[in-house]
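Please find the structures below.
Two complexes are shown next, each including chain A; its partner changes from chain B in the first to chain C in the second.
Then we have the complex of A and B:
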């Protein structure tokens, strides 16, 4: 089972090329995780100091552009080395929690051309993703939307590394299929979608167009997931990664090394009518959180359900043993030797364990129900 | 009037009554000849005409149209003889025979004339000129038809020159006068022709005696009164003694014909005339031919005089030759005995001689059956009563009986011969018409050819436009790199303008902003005004794409015109592109048979517009919405300001930044929107040309209008073809008409059967 035993971490695999916003997405998840589950007692927070530091560093960067009203996503530091974000998902019931790991790796490793000498590192990343219970595929909304009709659009597969993503997704889907008794979750997550929705201060709703482009460009990725792990539920969750920014313009800059040109986008900060600095808001991230929480708690629920059944079965076995008629002499001996007493004690212990597990199962079920009641936002689609 | 005379008169009248018919028939034959000439000319023109297909020319080269003309000419000659025969007002009897048989004596007896008019003599030939003696009560005169130098030359000089191998005879009097004939012995000639050279010398020597007569230009000499008695001077050879004189007169050489009118002693003979045929056996060239010609044209019957004299009282070989010649002159008269009667002049002969001659003639002429081949009469040429009883009466009685039959035979025979020629004419005309049918398909009428060419033109235009459409269709479904480049160029132009402080420079713009904001007490008015200006200017700059669009439209016009020019270059006069299409549209409107659908389709194509403002801007217009200070929240529907800045220098700089960002954003979005529409120009152009092609090539009126257009401008579309074809057609038509005319004449000739 993918769901680890108590004390081990579940994994969230995030696959995407360099500078697509993986780190920013994780950061956004964590930031939202503090307030997204207000009515459910579910919380997600960093689990270790390293993760905390990483998140706070980026938050400082984002705060800086907020105040300066200058946003340059290219200026955000990219990931040079692999880093594992560690989270804790508190289920909100009985102290039950789950450890989550999300690996942030250099996006350049995805591209074989940039992987020279780092094959072992990439294999480690692939293994991490393949064994993840959730697959998240970020997509650059601006690149998808602002290159329609552009002669450079044919570079998209190479720049977005969709063939490599398909490859990794295949590995993940096959692994999921081997654990087909477990739910599988894949989320296609367009990022930097601020310019294409009207629910965040934007003035035009081009969400349908964005969805169409995602279906088109990531078609093969979706196809391979469906083929290898038919039970997987694939969700579409566009996310405003940073808040009140708008795509301004873009250029294709030639690659000095002769490779594919580079899509260089510029953004502007939306002004507030009152002139004050804009507030960071990340529409759409709640859907990702809710989906993650449901999935992970569901996993935990199933695990506990198995445990509870095991305990119940064991308790019944011990109870049966305690009153088992083995014949007069044996009955007398078992009583005399204390075996029957021991069996009775064991039965009681297992019964209590079963009851405890069953209470946890019930509790988690209740949380799941509350999470279900939270619902998903209007941006969400199931693919 | 005696019974004979009445019958003779009836014969003459009957002939006269048929004259108009003969004259008309001759005229018809002359028409036939003209028709043949016209047909020959038409066929020749057709064969020689450059545009006539070679096969046609070769076909008609096989037709020998003119070959039939000699036969027509002969037919006309025959009819002329018939005309002459029927036109005579007298029954003419020729008197023929060797020299010295008593012809002149007989004529004197018949006519009552003397030696001065009808010379007689002994020993040598006397009569030099053929004379015709007409019974003319109450008149005595002679009318002498004169030669001119040319006819004299033809009759006397040239035949002798040819026979003697001399150069051609002199052609003028002066030349003849100076001509040097070979002296005796100078020229090696056959004995038989020695006299011919002597004749030439004698004739030249005697020139002064008849020169003046030759120069009368054909005016006849009339001898009346006493001059009548001088007739002998003009018609007789010089006597022996006269020949000894240094200046021998030979006036007869200038006399072509002598007509003598006098009352015959036998007044009841009626309308008759006797022709004194020049003697046979005289050594002149073609004398016999002349004799036959004269007999054929002049006489109705011939009395061949034979004299029972010593050495002459038998039927000689020369007599056989004479009868042969006379028989040749008989023509279509079926019985020899109808045309030639033999008169034995036995007046001064002994019985033995007479008997000898009579017996020989019976045996050798009539095969011992009296009258079998020829009727033989005996007469004393000097005895008037005898001549009347035994010659005139029987001869005139014979003619009164037989002339109607002979006339019929001559006419029938002539018409039989004419019928053969007529059949030849019919065959010729039919052959030509049959050829015309065969070659009809080769020449092809001009109208048919236009039809065929128009059909082919229709197909060629369809192929050319189909090829163009294929190219336009392919361009309409793919990105247009030229369009993308044009969009990028305009986009960069807008960016440059934006980054240049919207045309003012950043510093100047900020300065103006500060001043305006301070004046207005806020940024709103200035921002609104500037955003509007910028919105309009961005739109205006992007509208420069019209230059690209117009170039595209012009290119399509050029391509369409090029496609049409393959077939229509003759009417386009070197014009191209838009000008060519406009010209074509005008031609369609001005055509002799107006082509309205064609005109309309060209007009629509020329009205094609790819226009940024009307076709593209509506699609990209929403991208300019952000260039407003006040915007509408799409969720709540509330209006609110996008931004606000302080009316300070910092505020102005921030305002500049905001508006630059909004402008750049709008420009980029317009760019993206335009690039998404990159197939639009191709689609518009393809649709326009497709519609044009459908109308021009496939509409219900297409085939008809292309045909009309072709008919209206065929000479420009296919220069020289139809002039040629028309010419060939006209010539073929001319041949057809000529053949039909000839056939019509032959049908007319059909009505002249006996």
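Then we have the complex of A and C:
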């Protein structure tokens, strides 16, 4: 593989409150990225030692419950300080790869009431998200589904920080609109969806209900993206990051400081008919990965296309100079002084650069086609 | 000794029980360690020393059944022997085994910060709590000091100014504790850090970007136990193109002027003098 650090890294901005599932989502995404998609060789992996270690540390926590067979909905520690996960996306063509950064941060920073004294940190996270090429919004499916008809449901915007998400989404969308020659991608990712789909061990399919709740609760977030960056494609990708667990019950805990109550859910581990220990079984994450890969490869494809055209034009200009008729005297002078030779040399060099860029452009176009052929899973919708 | 404690409650998110430290200076290492796991940072600078001990597990759990952690931020601008003893007890306990761990400190802090009191402190978090919080931490540390046997560690010590060593190596650990002691006494400055993510090479890359001495315990096998970190490379700047051009143009102007002066002044010289 070629050096990953070609040009600057692209960014994935994740916006969501504390304990929503940001860290788990990034971790799950990388796990999915480790195995290449069939026929495409597109892969995502960590780009530095620290990211690798971080992922492994977290995995030990995320998977510990398999042995105890008691699912702990809070097994993963909340994030204390921002950390940038650094990834490489291998395009699967000619060793071409792209650098990708995702900033993970304590979700408490999103909420102004919990941010006290950490405003500067929040500004840094916010700027990172606003300047990201992709916006990812994780949502808590259990909270959306299990509070329907509940008198405490009016606390959802405050707990899910939807007004703050709307603000960040506005900044992101405005930025995207300024780069409107580039495609813009936003992905809404409900997590903890195990009990609402029947495709990953669940018994009931309540996916339509979930979609409705997401549309309702995140309405203003979706609205602001559409208003500020109308060309954005907003995708909906519900994800099970765990798999063999079932929502059991939920309760509201009062807040000691008199703030909004806290939603607390319990899960049980689904028994396997063969009695073996449960296995992590993710669902829906491949859709996120395919969308990301398509988007990023598309960006690189466009960039290379511009470069290829530029080289081609420049090659043609030099070639024209090499044979240009400037009248007998100057023609002789240009030949004697070596100007013509230089123009021919430059034309050839530029032609080679153009050919190489054109090869990459068509290689990436092929990869995009293959990714498109892979299609997206049945959970995916476009919003 | 100024004391800040960061923790959370069943519902309340992580926040400082008392006042908030003026800066989150430990963030300098945020890409090299997981503050969600036991990490120890000590920094000595011209104005004093500061220590950050992160992720001491408590017996409390939050609403999601996640174990709640406590992090300590200690700092002082002058040397007080008693404070130095308390800090060294903490550092000694932290590095007592091959795997860095707060050890007894967790239990002692739990005794001083029971769930009910902590929830109350969290509900009214702010500078008013500072004295109370500092008193409780001091009591826990004092008990730790009284319980821990005086131990001078390995006789051997690493003499290099900056190094990265395997945390599993006993000589490396005792050299680290000695460095911290010198830092508290103001005999040494810079950083002494125990990190969870970075390897020796990553620490080397970080060190190459900064000027202060740095000793680091890393979670990695290192042949010989430790490696010396090269001081920040003194980059001798080569003159840029602009400078070269400026010199060239200036030289050309001077030569031009001299030529002109010689040329113009020649006829004025009296004919008789030739």
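Observations on the structure shown:
As a convention for this text, the second predicted complex is superposed on the first by the 376 of 383 C-alpha atoms of A that agree within 3 Å, B and C clash if a C-alpha of one lies under 4 Å from a C-alpha of the other, contacts with A are read in each partner's own complex, and residues count from 1 in each chain.
One rule holds in what follows: a contact is a pair of C-beta atoms (placed from the backbone, for glycine too) under 8 Å apart; a residue touches a chain by one contact, two chains touch by 3 or more.
These figures come from a predicted structure and were not determined experimentally.
Three-chain overlay on chain A, with chain B and chain C fitting side by side and no clash.
Touch criterion not met for A:190: it reaches neither chain B nor chain C.
Comparing chain C and chain B on the residues of chain A they touch gives the larger count to C.
Look at A:108: by the touch rule set out above, it reaches chain C but stays clear of chain B.
By the touch criterion defined above, A:273 lies against chain B but remains apart from chain C after alignment on the C-alpha atoms of chain A.
Of the two partner chains placed around the shared chain by superposition, neither chain B nor chain C is touched by A:92.
Of the two partner chains placed by superposition, only chain B is touched by A:247; chain C is not.
In the overlay built on the shared chain, the residue A:257 is in contact with chain C alone; chain B does not reach it. With chain A as the common frame, chain A serves as the apex of an angle whose CA-centre rays point to chain B and chain C; its value is 110 degrees, to a multiple of 10.
By the touch criterion defined above, A:13 reaches neither chain B nor chain C. After superposing both complexes on chain A, the closest C-alpha pair between chain B and chain C lies 16 Å apart. Counting contacts as defined above, no chain A residue meets chain B in one complex and chain C in the other.
Looking at the complex, you find that chain C touches chain A at residues 8-16, 20, 24, 26-27, 30-32, 34-37, 54-55, 61-67, 69, 71, 119-120, 122-123, 196-199, 201-202, 219. Interface of chain A with chain B (complex): residues 146, 148-151, 198-199, 202-205, 246-250, 266, 268, 270-275. Against chain C, the residues of chain A that register as touching in their complex are 18-19, 48-50, 53-54, 57, 72-84, 106, 108, 111, 114, 116-118, 121, 253-257, 259, 261-262, 264. Contact residues of chain B toward chain A in the complex are 479, 481, 484, 622, 625-626, 631-635, 640-646, 658, 661-662, 664-665, 667-668, 672, 674-678.
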